[in-house]
Amino acid sequence: MSLNSFGHLFRVATWGESHGPALGATVDGCPPGVAVDEAMIQHWLDRRKPGQNRYTTQRQEADQVEILSGVFEGKTTGTPVQLMIRNTDQRSKDYSEIAEKFRPGHADITYWQKYGIRDYRGGGRSSARETAARVAAGGLARAALAALAPEVRITGYMVQMGPHRIDRDRFDMGEVERNSFWVPDAKAAEDWAGYLDGLRKSGNSVGAVIEVVASGVPAGLGAPIYGKLDTDLAAAMMSINAVKGVEIGEGMAAAELTGEANADEIFPGNDGKPVYSSNHAGGILGGISTGQDVVVRFAVKPTSSILKPRQTITKAGQATEIITKGRHDPCVGIRAVPVGEAMMACVILDHLLLHRGQIGDAGGRIG
Amino acid sequence: MSLNSFGHLFRVATWGESHGPALGATVDGCPPGVAVDEAMIQHWLDRRKPGQNRYTTQRQEADQVEILSGVFEGKTTGTPVQLMIRNTDQRSKDYSEIAEKFRPGHADITYWQKYGIRDYRGGGRSSARETAARVAAGGLARAALAALAPEVRITGYMVQMGPHRIDRDRFDMGEVERNSFWVPDAKAAEDWAGYLDGLRKSGNSVGAVIEVVASGVPAGLGAPIYGKLDTDLAAAMMSINAVKGVEIGEGMAAAELTGEANADEIFPGNDGKPVYSSNHAGGILGGISTGQDVVVRFAVKPTSSILKPRQTITKAGQATEIITKGRHDPCVGIRAVPVGEAMMACVILDHLLLHRGQIGDAGGRIG
Amino acid sequence: MSLNSFGHLFRVATWGESHGPALGATVDGCPPGVAVDEAMIQHWLDRRKPGQNRYTTQRQEADQVEILSGVFEGKTTGTPVQLMIRNTDQRSKDYSEIAEKFRPGHADITYWQKYGIRDYRGGGRSSARETAARVAAGGLARAALAALAPEVRITGYMVQMGPHRIDRDRFDMGEVERNSFWVPDAKAAEDWAGYLDGLRKSGNSVGAVIEVVASGVPAGLGAPIYGKLDTDLAAAMMSINAVKGVEIGEGMAAAELTGEANADEIFPGNDGKPVYSSNHAGGILGGISTGQDVVVRFAVKPTSSILKPRQTITKAGQATEIITKGRHDPCVGIRAVPVGEAMMACVILDHLLLHRGQIGDAGGRIG
Amino acid sequence: MSLNSFGHLFRVATWGESHGPALGATVDGCPPGVAVDEAMIQHWLDRRKPGQNRYTTQRQEADQVEILSGVFEGKTTGTPVQLMIRNTDQRSKDYSEIAEKFRPGHADITYWQKYGIRDYRGGGRSSARETAARVAAGGLARAALAALAPEVRITGYMVQMGPHRIDRDRFDMGEVERNSFWVPDAKAAEDWAGYLDGLRKSGNSVGAVIEVVASGVPAGLGAPIYGKLDTDLAAAMMSINAVKGVEIGEGMAAAELTGEANADEIFPGNDGKPVYSSNHAGGILGGISTGQDVVVRFAVKPTSSILKPRQTITKAGQATEIITKGRHDPCVGIRAVPVGEAMMACVILDHLLLHRGQIGDAGGRIG
């Protein structure tokens, strides 16, 4: 039981601190024979990489992944895959202030209370840099999905920044790659740029909501009762830094619906694949995939490192004030998009393997 | 790796179907020497029991728990505790319709697609009856908490039913036990009664939001990165039948806040216990408890069994219509309150044990 | 992580004490659609049942298994299977002596030191009665193997009792079911009867070695490095009460061999199945099955409950003497035979499922 | 569930192949505040390092460990510790022969049958080089033991090489560090040198038995039923390359004892610590430590890579002959000594943490 890992058969353990020599993911259980190389993993890391535009931290990290094990002549061998990323920009700044003071909203105080020691440089283990390891592991999961279930597509995007929501009527997946926010709404992208610039200049930050959709997921993935697909997705997303809420399908809004409105009616489809009138369930019933799109959303709180002075205390218990200077994202939610995708990829792959192991060909046909 | 269990050191595995001979929880890892007997567990089961008022299913189940192992002369021995509940009201009704048709919103279709076989009587394993086993396990967890951390208090209540939210200005915890909805707002309780009666009479149902608060939780519980306290709580709550969203602290609304507004400022307190200006974080920073109230909310979708006819298909793939007769709750969220409490109790206890094992007395002091 | 369970995908958790109301196994991960009923499980329990001949304890237990969940209309549903056995012969004897004194060779003292409380009646959780739950779970595993890998055959037998070993030249598997010791050597069976009678009459006991063979196991089961097939078998057998040693293939004698003698040479066979000149490896290379017989042996220490007076201490720390009266086996190894078989069945099934999940059809062909 | 890892709370996952860029151990659950640095880990690696004398492989590996995470300013932080060792001596030899032929006694054939792909260079993942990662993890475990249970001492040594056993009457622990075999018997060391030289010159190899003793282990570690201390030790030792048998205390010889002879009688000691007349049990009763020395032995088969020609087959299924040239140990058991110690250290630490988490101070006192 590693508390720094997740997954059942496709098991990802991450390690490393923000300002240590390196960080990475030890991935166990990747099926053998999957075509993968460093460039394929790097592709996904580059999407997440900081310093790419003015809305994300200016820390310069190459985030260059090295595959240290588990791949031979361009294919996975079924043994653990070690994905290592060296930290290169360990700026020699003065950390004495945050060594003594606890930054509000950060894990400084709880790490101290729990462990009695903490690597305070850049937040140590609690830094969002850890998510680079998830994205690397997600890249491997995508490679395995490409081999095992090529019809699966995983896409994440922002649907809300601060009080601003996308207009679902303008939804255009093609826009996602064209703007700095991964937002599927060209008008929103334009409006949000000005909004975020204002926040950044004032030294403030804001939260966001990310939606991740997996299409092409076969019916039957998941497992009662505690290994449900939605249970694992909720854990996966909640484990991402700064996430405070997770929704499947209708999510919290399901509370407002009547049973009549909420029922996704079922109709005959082709090849034994039923067709649904709607997808309030987010593609999951009883913890098991229906074959519809699996839809997850999660809320990311605003970046806690801001230039606004906040009240706090020192390790010695004295009242003080803190301003968190440094290179930070005004909306850390932007960089959470590829992280959410990576987590989705890992969870879907994991449940594909679980299903194959536990059920084989015994699943039921319709018609 | 049992997919029907949860927890790290305090491990709960549930088993049983709605209309099988019995159901229960196999609880491993309960500390020894905890005073507990069947009456103490029964107390919590009675709170959840169906058939108590006109808003919950009229199925009559004694839900009488038997402790079959792990307790000797009124105390736990450190060995597995088996908590069994016999199913008594297995009404000899005709299940032929739901054997052939898939009820929309239920797990009928996904269990079939996954397993190729399903115990369709009352939903089988996917029935909310499974939650009785959780409540029993939660009762044991509470007994252990009473011994190990007597300052911990766990309370759940409804904060929303359909479109109706409680008024936080009228919040009165004392009201929770005085109404049929476990709602801490006397006026809401009154209003909701009429609303729910209307839904029940029209054969419809509605969703709800439950909030569960754990107070007295010591700072330092939780573990990076994937064994975070909020990760485990998200999984625990999402695993409950019909839950579609989980929030910690501000939850989804965190997306709307600025960093300035969201920062829970820290002030010196007594005995090295800091005081916070607010609790947007829901008592958890970086996956580790702060010592503030741990606050979780989850949304329960409307009961899928309704008297309104809905379109569906048969196992043979033919289009048909279904009305789900039977004994069902118009708002299954009501009975989810004690279930949410039980899950909170299990998770908090589990992390107490984990912390003791991994950290011992090495945690840090403030001041 | 339940410490009272084993297995990866086919996960068996046992519960219950010797003199509590019941004991059982909660089995999670049994594939769906497996034909099984109580009679099929009972068949294996009856083999293990005490009181069958003069060489095993005279405790009278019906050991009647009840399937409480996970089976519907004669087939497994993929949900947890609860196998419960009521304790019927809880003889109202006086336990005051062993409540105060620690029996040498028993777990009385260590349970006390660990837990500070113990159910001393009949040894509580540490009683060999717990193995009934294993045998029940093994019966379910055999049913699943019959469906998934019908060519697998699992047979256990005694190869040594005290200083007496079987003569491999007289080895006749047909004899196993014909004598009280499950020994594949008619002459040994005859000789040992007299030997054991002598021990029993003198109130003494003796150890034994059991061999369990699984034939028909496909090549490729197992997993590096710590989920090796032999690692899991070693753990499975060592977890049985009173076992002190486990061997795979040559076992401890491998130390005496030269590399030349130990090499199992490989020759072409039919259908890509290689043929080996010998099986020193016990059917496992690098933790993975070769397709040869999987051969495991384990040593069971002599029953610790004997009529010979032994020195011990009381809970109060005072020196005293103890004679363990009661109904005990002069050679508890006899009843370990079906237990070893059950563990083998569970482990082989588990690795079949794991292989299917992680590898699917990607394994290599020869020729 | 990572199949390349072991441990409950102190969890060690290893990764890496013999001829890949690096190998290592990802260690999760090390308590915080443990003083450790690379030199302390290196100390143990140097003991295991190949190329040190004429009896071990002449492969030259610096085996230099790098701590990449989890340690800050000379102390563990409670986060995962990554211990990486670069492979430096990846000799550019011609591997075309073993790419096509399966070496008898090696995992070549089973890896191929399982995965359909294998890194054949030096045995890939199945190489004994993997044990360097275990030794590094064991070094960390020892550092943690020094902090948490400084009275624990762990020592391994050879007790048998081929047919030659040590003379227990000449047992002198002081000799262990004075000879090439870690044998506690000066005369044996002398005799075995000649014996092994002969084997080496003839291109042959031989097996060995290693004994590992942990003294100072407190009573009460372990857990029924499947998380027993002996179960975990059996798994830990059997998981080491080439191990074919594991014994606790009397081990296989327990079969020959009578109950009277086998009973370790108990006498009053000081401070509630009982004294035993003997230690047939190897310090473990009912899976729980007694406070006596924990004694484990394991047999290592002879090195499979020998210069004697052996019959085998090719991937294409053709009969052929093979001689395994290269740099190999005539008795791989020699280098297994520090590996066995490392596994013991990890298991003991793990159970110390488990006990602290699950039991705290609730254990029982004697007297």
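Just so it is clear, A, B, C and D label the chains in written order, and each chain counts residues from 1 on its own.
Assume a residue touches a chain if its C-beta (ideal position, glycine included) is under 8 Å from a C-beta of that chain, and two chains touch if they have at least 3 such contacts.
On a predicted model such as this, the values are computed, not experimentally measured, just so you know.
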Contact tally winner between B-D and C-D is C-D
Which chain's C-alpha centroid is most distant from that of chain C?
-> A
Whole-Å separation of chain centres (CA-atom averages), chain A against chain D = 38
Expressed in whole Å, how far the mean CA point of chain B lies from that of chain D is 45
CA centroid of chain C to CA centroid of chain D, Å = 26
Considering chain A alone, which of its residues make contact with at least two other chains?
-> 1, 3-5, 8-9, 14, 29, 32-33, 78-79, 114-117, 125, 224, 354-355, 359, 362
Could you please specify the touching residues of chain C with respect to chain D in the complex?
-> 1, 3-6, 8, 14, 102, 104-107, 109-117, 125-126, 130, 160-163, 199, 204-209, 219-228, 230-235, 237-239, 241, 244-268, 272, 274, 277, 280-282, 284-291, 297, 299-306, 308, 310-313, 315-319, 333, 354-355, 359, 362-367
Using the touch definition up top, name the residues of chain B that touch chain D in the complex.
-> 1, 9, 29, 31-33, 78-79, 148, 224, 353-360, 362
Enumerate the contact residues on chain B facing chain C in the complex.
-> 1-5, 8-9, 11, 13-17, 20-24, 26, 28-29, 32-33, 66, 68-70, 72, 75-82, 84, 114-119, 124-125
